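There are two complexes below, and they share chain A, which is joined by chain B in the first and by chain C in the second.
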Partner chain A sequence: MRRSTPSLLPTRTRGPRLAAAALAALAVVAAGGCGARVDSAGSAGAASSSAENADCVDTSGDTVKIGFLNSLSGTMAISEQTVHDSLQLAAKEINADGGVLGKQLEIVTEDGQSEPTVFAEKATKLITDDCVAAVFGGWTSASRKAMLPVFESQDALLFYPVQYEGLESSPNIFYTGATTNQQIVPALDYLAEQGTTSLFLVGSDYVFPRTANKIINAYARAHGIEIVGEEYAPLGHTDFSTIVNKVKASGADAVFNTLNGDSNVAFFKEYSNAGLGADEMPVLSVSIAEEEVGGIGVQNVEGQLTAWNYYQTVDTPENAAFVEAFQAEYGDDRVTSDPMEAAYVSLHLWQQMVEKADSFAVDDVVAAADGVSYDAPEGTVVVDGDNHHISKTSLVGEIGDDGLIHPVWTSEEPIEPDPYLEGYDWAEDLG
Partner chain B sequence: MDTLLPQLFAGLSLGSVLLLAALGLALTFGQMGVINMAHGEFMMAGAYTAFVVQGLLGDPGASLLVALPLGFVVGGVLGLVLEATLVHRMYHRPLDTLLVTWGVALLLQQVARDVFGAPNIDVAAPGWLSGAVTVAGVALPKTRLFILALAVVCVAALAFALRATPLGRRIRAVVQNRDLAEASGISSRGTDRMTFFIGSGLAGVAGVALTLLGSIGPTLGTHYIVDAFLVVVAGGIGQIKGTVVAATALGLMQAFFEYSTTASVAKVLVFVVVIAFLQVRPQGLVTVRTRSLA
Partner chain C sequence: MTQRLTALLAPGRTRALAGFALAAVVLFAVAPVLLSPFRLGLLAKFLCLAMVAVGIGLAWGRGGLLTLGQGVYFGLGAYVMAMHLKLADAGPGGVPDFMSLYGTGEVPWWWEPMRSPVATVALVILVPALLAGVLGWAVFTRRVRGAYFAILSQALAAAFAILLVGQQQTTGGTNGLNGFRSFFGYDLADPVNQRMLYLVAAGVLLAMVLVARQLMVSRFGELLVAVRDAEDRVRFLGYDPAVAKTTVYVVAAVMAAVGGALFVPVVGIVSPADVGVVPSIGFLVGVAIGGRATLLGPVLGAIAVSWAQTSISEQFPSGWIYFQGALFVGVVAFLPGGLASLLGRRRRRGRGDAAPAPEEPETTAPPSPVPAGAHTGRTAQGRQP
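This part shows the complex of A and B:
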């Protein structure tokens, strides 16, 4: 009881002490709440010596081990669980179909816990202890950057399924999500085609939006588009009234949105409450997929635009089969999104590479990778053996009242991956 | 376009959101001295209450009106359980309370994740709250006007309860001098419980209101708890008045700093101002002078 300890927290002086304790608590929350999301450079400390190679992969039996490394807990679990589900589906299909080179896939699942350092540790464990033939997973750029030295030093294989900011190409990683010239650049082409002459940029305050906006600025300078504003909100920012006021006052033709996660909900609710909509000032987003639309509320984003390479509504026989299989496995209320499809594709592409190489050895698989193609739900994709990305068709979509995204524009042809934007004159200075 | 008026409203509106989030804390933290890190999760529970009510009733307008009192009860009952099981054992150990309630907060987040799923959910705003009212050329979103009004109502109701009801008298008596209050025949145990119930209930109400503005997910509380503590600390311990002034001031500061700089810089500036302010006035804006012997 308090009265037995009279010296503690007397009324008159407890203000400052409680204040100090509360500020300490704030620090704890700030670190726990946001730290995991920030894409700071990951630790490479977990990469152990390169002495031992990944040659311990056991291919003598009827099975071969592969690793799935997704965040099944922590702040990124929301997104990465969906990718994990679709990887599981692909493995199940491949196994039902006779496996890879006649061997059944044996899945080793590890949880990256939304922490880049854990990703690096678990990747090491998968490679050296479990001796997996390849690892599939990762989401944030921080997790990929943390795993990269592990895979390079161990000479192992990682398949990374999420669109990202480009400017990377590791011999040990295959990137099955879009790089910037397959998502952001075509989206800008679309806006320019629509007669957009001024853009307002809104993004979360971390590496991807800032890199993306650098590219957008360079593009805009070369194409006569005026950037009338550029605003960043801290991750987890909840009040967008000021930013929306700025957007509204700018009178821009359109908004390019690189906000991440929860912020999109607050932003779009504010946007529609302020009387703005797709007709007045369309917003083109690069981080909102089918999964997120439900959480934002369809009525708040109806008619707004997104840029991806795959939508659930894509009209191919492969996609119809994919969506049907996915919903049969996980329930009719589930939707499929671009990163899920890219993950699904990554496992199938690895199968094709292994079968072309007739070997599970990393060097053989990498050597066989160039030109490997797969009839993916998004359309046929082809692996580029030089930069390890895949060709992808770019699709601008419009969010419909059914909560799905419907393509309104396509690049017609698959776009060759160009992670360093070497083929674009205006991007020269970005280096 | 004149920016003063829209920003003034944005600031007041943000202040009202902060006030709603902080009002319950002003009771449990300010009056009772309990650092309740699960306060944000009581808000989250309120938000999910709104979601469940809307699922059952369908009509967004009716369900909002039902969810507000129900959110109060849900938040309050959670607070009551927390108080009765854990917090009352450690009234004299504030830092332990901090850790324990933070653990409870993590537990509640995981429960929400398991029950409602990890992705964010959406609560539709009623039709009569969609769009904006234009006053003097400034568009004021109706949801924000509603939250402003709700904050005023909550403060008025709380002030009335503290000043004019027997319960309020007991709460004030216990806050000002626990020993004397007990000697006068007030059950401080029962009073503590009721204070915690009301404080946590207000968090539930705040949660319901927040469904109109932001994302509703298991981590909703973590977005607001820091700012809520900031408001209570800056406002001063033990007086609702200080909380109201601090919330309004912080909201206006954030809005105007943000307009002239960026959101990230504004946040830093607000923290700097609060820290500088606490150097000058460590007890916060408003304090209670008591005859406590300590």
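This part shows the complex of A and C:
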């Protein structure tokens, strides 16, 4: 009986001949294509290619196209749909008001599908196929990082509306959410003011919490705050008994929470079950806004703290108008949150930039950006032409029994954006 | 049984040659002329996904190995390539940007080999081949098969994605690796070089299809089908099924890795979202819809599904996902052999009634002592008229 490794060699004689013939045919075709591409690649390799799409934006008619790129499907859809709604509202208002430079906005919507690669693909499509004047959207850092090379190589404009981990500034992106020195650092200032001397850090395992906690550690070293624990849970993790036990045993003055999404529901339920609450050990969260409070359950987070730059309860005439318009459009049960407001603001800021530049061309808009201001629902914001972020007032809020968040502390003045934390001595060795 | 199956699935030499010639003309001559640079880039991405599908077609369609974890090998190839591109952009002795931002600012030792382009190309193939070889051998000699193997491979994909996310300082975490500027010295922003990448992807895919065809018509291919359909009988005949299974698993892994390595410069990013459980299952969708046991079914299925996903989602950004779901349900319910089985059915009808309905003898195949293991294989063959 044979017991051997099966031979990989084909037994039929036609096999090798077929392969040889086909490979030869393939080689001929490939060589033809190859010759052409080596030549052209060699000559064009050094040349810049971005000019090709620069003038593709059509401004001859009485409309101009802009792109909205949010995840309308996938895990991020629940968050990004709210931003999309907010952008649609802003576009509707601008159109009702006569448009931008007299042109009505024509919206091209694409679904980012919660996948970074899809964001890159759809961004390219919006820029090169639809020839939009600017793109608004993105939420996760991964989606932004995936889109960044696209916008830079095509020399197009992206407005990104979510607070993020900083350490970035692209000439082709405007960041209308907070960078770290407008959200995390003021939150730490607040905790220090309250006499906090020890902190426990809980976060989801991805780039924002890791970077935030790096900053918090540096801040704590310089300000005499002890970090008594630092725990990460995988995104979507829902078993927090171990982490909550560690938190409870640590006896920290407060918890700094950078958990994202569903994990917050599980974390706060476990936290309440363990007999902890805002009075025993307050939790300051930076990823829980009005939208999420309902999902977590008000009873689980009542009295806990959050740090943002906007709340639905902010008392300005602009905010009253924004909330009223939003609820009139989408229903009285809808809430408005920080990323939604930042998205709403981003479209208005672009309008201001275009009108200041009197042009839709990317270079003109970027050149005109510095100092452009807008009376946003959160207060007046001003664009920094160097780092493309905007000044924002920081607000620490307390979650009320009505499911809304009420400011308890404000930075008084808008804080200038500093994505690399260059203005802070203690942040020197953060890279 | 296998001979007839092979004869049906591996068409005659002239037809095969004509088919390859047609595919080559379409890929090398027609597509670059008709498609805009953006659409051509998309097609290049789909071709990379189709490479994974070729491997799955071999392992699942022919070998009966339901691999729910091809994302791991796709990811290994992609990350090895991405590391090289990051290091090349950083220059000799340089540190990739994200490491200085989020990490220690030092390049870990296991990144160092990827500074060399030659080592990178070798590692793209060797790393997944080694992992698949060791894992396959360990699993298949212990006679783990069927659903157990599927679950194991899926768990591997989940673990791999979690590992990547957790090692943010050295793998970029959820952001993955991105922002590449050049590919072996060519500027990636240049459309001419993007076209070159497309041609490379098209050539590699055609070569893979050739390899797959050779494997299918060879004695190894017949042994593989035999292992799929009646593993214990093959063992009684004196063959070691673990060898055949491990071999096809390694081949599928290498094909996935090469697809991943080309995916990186084409798309410009690789992140854990591209290698975990969901994308691993996504690879199977196209293969299942196209027809897993056929030569071209997986390739055409993968390309068609990706293409449909893109164009439908452009038309209906908020409702496209229902179309995809309906398509999948429709194919599984009414065409379990995939779209390729339509072709087979028509061909048989065209030949007249000469071909008897083959289902009966096959579905009543003698029961195997290990029902769980043989199950996948038997359905795969039973639905193939």
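Everything below uses one rule, namely that the second predicted complex is superposed on the first by the 380 of 431 C-alpha atoms of A that agree within 3 Å, B and C clash if a C-alpha of one lies under 4 Å from a C-alpha of the other, contacts with A are read in each partner's own complex, and residues count from 1 in each chain.
In the analysis below, contacts are C-beta pairs under 8 Å (C-beta built on N, C-alpha and C of every residue); 3 or more make two chains touch, one makes a residue touch a chain.
Since the structure is predicted, the reported quantities are computational estimates derived from the model, not experimental observations.
For A:K92, is the partner it touches chain B (first), chain C (second), both, or none of the two (neither)?
In the superposition, A:K92 contacts neither chain B nor chain C.
Which partner does A:D205 reach: the first (chain B), the second (chain C), both, or neither?
A:D205 sits against chain B and chain C alike.
Going by the contact rule set out at the top, does A:R334 touch chain B (first), chain C (second), both, or neither?
After superposition on chain A, A:R334 lies in contact with neither partner.
Looking at the overlay, what does A:K356 touch: chain B (first), chain C (second), both, or neither?
Neither partner.
Is A:P234 touching the first partner chain B, the second partner chain C, both, or neither of them?
In the superposed model, A:P234 contacts both chain B and chain C.
Going by the contact rule set out at the top, does A:L148 touch chain B (first), chain C (second), both, or neither?
A:L148 sits against chain C, while chain B stays out of touch.
In the overlaid three-chain picture, which partner chain does A:T109 touch, first (chain B) or second (chain C), both, or neither?
second
Once the shared chain is lined up, is A:H223 touching chain B (first), chain C (second), both, or neither of them?
In the superposition, A:H223 contacts neither chain B nor chain C.
Counting contacts the way the document defines them, which residues of chain A are shared by the two interfaces, the one with chain B and the one with chain C?
1-12, 14-15, 17-19, 21-23, 25-26, 29-30, 32-33, 205, 232, 234
Taking the complex as given, what residues does chain A use to touch chain B?
Where chain A meets chain B, its residues are 1-19, 21-26, 28-30, 32-33, 75, 77-78, 81, 205, 231-234, 236-239, 241-243, 245-246, 249, 262-266, 269-270, 272-275, 291-292, 294-299.
Give every residue of chain B touching chain A within the complex, in rising order.
Within the complex, chain B contacts chain A at residues 1, 3, 6-7, 9-10, 13-14, 17, 29, 33, 35, 37, 91-92, 94-95, 98, 102, 118-125, 130-132, 139, 141-144, 175-179, 182, 212-217, 219, 222-226, 229-230, 232-233, 236-238, 254-255, 258-259, 262-264, 266-267, 278, 282-284, 287-290, 292-294.
Can you tell me which positions in chain C touch chain A when the two form their complex?
Within the complex, chain C touches chain A at residues 13, 16-17, 20-21, 24-25, 28-29, 32, 36-38, 41-42, 45, 100-102, 105, 162, 165-166, 168, 173-176, 178-180, 186-193, 195-196, 199, 203, 206-207, 210, 214-215, 217-220, 223, 237-240, 243-244, 247, 267-269, 271, 273-274, 310, 313-314, 317-318, 320-321.
State the interface residues of chain A toward chain C in the complex, per the touch definition above.
Residue positions touching the partner: 1-12, 14-15, 17-19, 21-23, 25-26, 29-30, 32-34, 37, 40-41, 44-50, 52, 72-73, 109-111, 113-117, 120-121, 124-125, 128-129, 140-142, 145-146, 148-150, 153, 167, 205-207, 210-211, 214, 232, 234-235, 431.
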